[in-house]
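Shared between the two complexes below is chain A, which pairs with chain B and chain C, respectively.
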Partner chain A sequence: MNLTTSIATAYSPPFRIVVKYFVAAIFSFVLLNFMLLINYQDINGHHFQPKILSITHIATLGFITMTIFGAMFQLVPVVLEVKLFSALLAELQFWIYLLGITGLVFKFWYFSSSLSFTLPAIFLNLAIFIFAFNIIASMTKVKIWNITGIYLASAIFWLVITAIAGLLLAINLDHPYIKIDHLQYLKLHANVAFIGWVTMVVMGVSFKLIPMFTLSHGYKLELAKWALGLINFGLLGINWIMHYPDTEFYILIFGTAIFIGLILYLIQIYIMFKKRIRKKLDIGLKFSAIALVMLGFSTLLGFSFLFFEYEYKPNLTLIYGFMIIVAYISTLIVGQMYKIVPFLIWYHKYSSKVGIENVPMLKDMFNENLAEYNLFLMLAGIITSVFAFLSQINLLLLSGFALLFLSSIIFSFNMYKIFRS
Partner chain B sequence: MITKDMKISEILSNYPDTIDVFIRLSPHFKKLQNKVLRKALASRVTVQQAASIAGVDLNKLLFELNKAINKETNFNNEIFREEMKPTINEKPEFLNSISQEKIIQFDVRPIIDSGKDPFLDIMSKVKNLKDDEVLLIINSFEPIPLYAVLETKGFNHWTEKIDDAFKVYFFKSKSEQTNVETEQKADINLSNYDKIIELDVRELPPPEPMMKILEKLAEVDDKTVLLVHHHREPMMLYPKLEERGFKAITNKIEENYYKVVIFKKRNIDI
Partner chain C sequence: MILKEITKEQIIDILRTVIDPEIGINIVDLGLVYDVSISEQSIDITMTLTTPGCPMHGSITDWVQRIVSLTIPDRTVNVNLVWEPMWTPDKMSDEAKKQLGI
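So, the complex of A and B:
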């Protein structure tokens, strides 16, 4: 029997591409915190303003989605046991995507300039379609589906919806045509992006990574399945009902479904943490655990929005967005980067040398004390900023953002150390 | 867990209470109570050697030792249940109810008595076995190496001892719905391997399992297989094994328990 064909090597993820996405994401993260800091006076009031929109998209496209793209190229082959359909497309996608982000962020910033909204939106859509195609083409080869795979597939669907909704909004900004309030569409775009795309990915991936890092087992994934169903149901419902007038009642139903789904997810994760064998949480897992608590707060806040006119309360939408983007997602990404990036570099540079020469341990690859400061500053920055939004004290917001910026510098320094090690 | 290659001294210093187990199993071991003798002998002798010296069944000794430390450390029971299935497992329900036609009986004692190795005959029986059939091997000793070999082909076993004969039932395990690739990969003749090194990495976070496994490869030669107890399928490990000229066969035993058999690649395969 011929055993020369290698099944295993086919799965090894494309290191260079993943690193490229991660480096771009880390750069965007520092840029995001820098922009918040120098524009702190503009970060208040209504959320539909050029600078806030611009900074938001540095966060969502440049940092968050860039990270997820990189992570997916890394994880999909490993989790679903398939080869990435095309590394070339992943490379191509990166440059188109980068062009799109840069264009869009500039256009939001110089809102009234003669630049186009539609053009960068088309680039972004193109990049996202390439991504979706690449991953779905990889997924067609999957032999055994697991819960993570189904979550990721759902997430890609919602990513595409987010992109299309974004494109429609962009066209509308160039040539107004949307009859109903375009802020309604914006809300759809944002909800689908954060819940359908980002959170679905977070959920799916966490079912793999949390047990892997904490060595947790002996639990059922029933709640994860319910969460998947409820959130997809809720999002589909909201997307459908959005186009009709007087839909408060339906929004309440679908919103509640999403809320319950998220709560079930959090309970599931709590169970997984409870059943872990490694009791001590390392720095990456501390970030992650705090981030998931922040997801809990954000979920409660979002749910409360179903019951009152939140948009007229000063800064409440901003707090919501800040909680989601910074407190929940950024904290989670920073934490997961502390886990994944050292492993990625270690695997690439050192795994072939194990047993042949001395190789560093993961925790030797970055300064763990600094990482603790990173966590502390980030948490202090988040709490200070939220309090500043509530009290509307500008100086407090400045200090909150300063803390966050400092923490992002520490983070990037540590990441630099890992890449160089 | 205690393996046959561990030194007696190592066991006694880590688990002092196991002295009772030794003594209970054979009076030969009473010497171990003497500190001087213990020092002199126990540091050189492995469990396997000790068992043959004292005339105790190695598997029984291992089982009892592991049972003893198991109580102490409250260590995950399943490891031992897996290893020691024949002695502690209940007879699987379906073996009682299965019709006799479905049981393919193969008494290898005549072959062994004539001085031949029944391995290839067994493998050809296995090959012709249908999914719902059970292979019953009857032998004068417990064919422990065969368990590992057939496990890689997706078989579970259940063993009973009647008088002097060991009756081993091999059957397709239900949780064993491995994909086609694994099945193909598993189709390798392991008869040439006579040493199995075991490694349990289930309590280690990444990338330590990979490190431990790669470090262990130095001990794996043409006559040795490395059996790794893992909590997940080590997808990232495969390319690294490939680089070093090794191959792996992974079998899912249950959720969070995979057995990875690693061996040196050869140029000519059967």
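So, the complex of A and C:
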């Protein structure tokens, strides 16, 4: 189906729940960019630093995962044709999750404060388990599984693993007990989060939304199936092998499987874009296409890490993290928000008026010129920041973060305009 | 408007007001409407969507039904969603193709 109405049907969860998650995510996005800007001097050197960890968790939990939760409450029921198991649990989860994020971000920022790491991590785990239970309970009613559903089910599994790994790391920070290097576990936590959770969701959802938005037609999804198998195989392997010493060879095998999986996904998406009928890319799809190119760069960089000691190269892990969080995921989310949020509001306000009175087109619900500036500033900010990390010129980093902050303000203004339309 | 003599063309024209809010093209020009049959009691509209397995039946059929029922209140309007024959881009009108830059 291609009429955008397809993503909201009788299966849709209450509008206010999805909106709550999206508003919190947009707020986190602006806050994240603001914190980068005012702390640019601290974003340097090794990644295991209080402020970097704090900002990273605003990004991953407050912005990225918050957006995905909202999007999944909306998409899972309609894509898999089931009702959400419980809207009440989705509501309850939001507040527990918010409490957990606030606590964890605060504790990372004030590393030596008396608050424990474990307590906010327990709140976050509780919220994530509620989410996983809610979605899995909904999925048990699915009659016909499609590739998107299988990707989303995998992603939820990896989300739970990420949360448990995060909790174990939090306990370890309060009461050290992990025998091997804390950073090894951190690497596992981050890889599972970005590849298993976020990227699996991105992949699964893109097979549904990109054809819908571009009217892509006449392609097979074979590569998507291979990508699913390879990435799950690679992640399971890394989770298993990480607990043993001297495993470089196995890491290489599993890492390569993930790398090939991601490349196959990118080829699949390229084919879908090539087969599109709507040739002109709108603003949301321009963001998305750029984000997927950034995923390509991040994948190549991540693959190269299998072959040399990258941890001690100045700023290289920071560049990798920045590429994944800002260049790839944030750009993609901002682009998809320009598609999904107007539709959500449109469906809520105007769907019942179709045929009765004139209803607006989705693209008329925000200022498209401003959105173009949003894209330009974000891209300029990303490129400037990466060069600043490489050259270690602080002033350049300040400029990069200033561009990103400005771009986030434009984005939030456009989102406000959509909500008010 | 209440139509006394209803023709297929009139129904098609009514359906042209159902516009995809994102693409900005109506369902007739998109080639989604396969058939319209009119009897004394009912109007039956057979249509598809561009991708099989689409979960949107609810919304789109509601819109079509509402819009036709509002215009012709004295007939029962039935909307049948079918997946055969499958929609292909060549089912779009020249106008729609032009709008999409094909």
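Miscellaneous remarks
As a convention for this text, the second predicted complex is superposed on the first by the 411 of 421 C-alpha atoms of A that agree within 3 Å, B and C clash if a C-alpha of one lies under 4 Å from a C-alpha of the other, contacts with A are read in each partner's own complex, and residues count from 1 in each chain.
By definition in this document, a contact is a pair of C-beta atoms (placed from the backbone, for glycine too) under 8 Å apart; a residue touches a chain by one contact, two chains touch by 3 or more.
Please read all numbers here as calculations on a predicted model, not as lab measurements.
Judged by the touch definition given at the top, the superposed model places A:S113 against neither chain B nor chain C.
Looking at the shared chain after the overlay, A:N369 reaches neither chain B nor chain C. Applying the stated contact rule after C-alpha superposition, one finds that A:K143 touches chain B and leaves chain C untouched. Judged by the touch definition given at the top, the superposed model places A:K279 against chain C, while chain B stays out of reach. Taking chain B and chain C in turn and counting the residues of chain A each one touches, the greater count comes from C. Note: residues 1-3, 6-9, 11, 78, 81, 144, 211-213, 215, 217-218, 277-278, 343, 346-347, 351, 354-355, 359, 362 of chain A belong to the chain B contact set and to the chain C contact set alike, using the contact criterion stated above.
Looking at the complex, you find that chain A touches chain C at residues 1-11, 78-81, 144, 146, 211-213, 215, 217-218, 277-280, 339, 343, 346-347, 350-351, 354-356, 359-363.
Residues 17-24, 27, 30, 49-51, 53-60, 63, 66-67, 70, 88-89, 100-102 of chain C are the ones that touch chain A when the two sit in their complex. Residue ranges of chain B in contact with chain A, taken from their complex: 179-181, 185, 187-188, 202-207, 210-211, 214-218, 231-233, 235-243, 247-248, 255-256, 265, 269-270.
Partner chain B is touched in their complex by these residues of chain A: 1-3, 6-9, 11-12, 77-78, 81, 143-144, 211-215, 217-218, 277-278, 343, 346-347, 351-352, 354-355, 359, 362.
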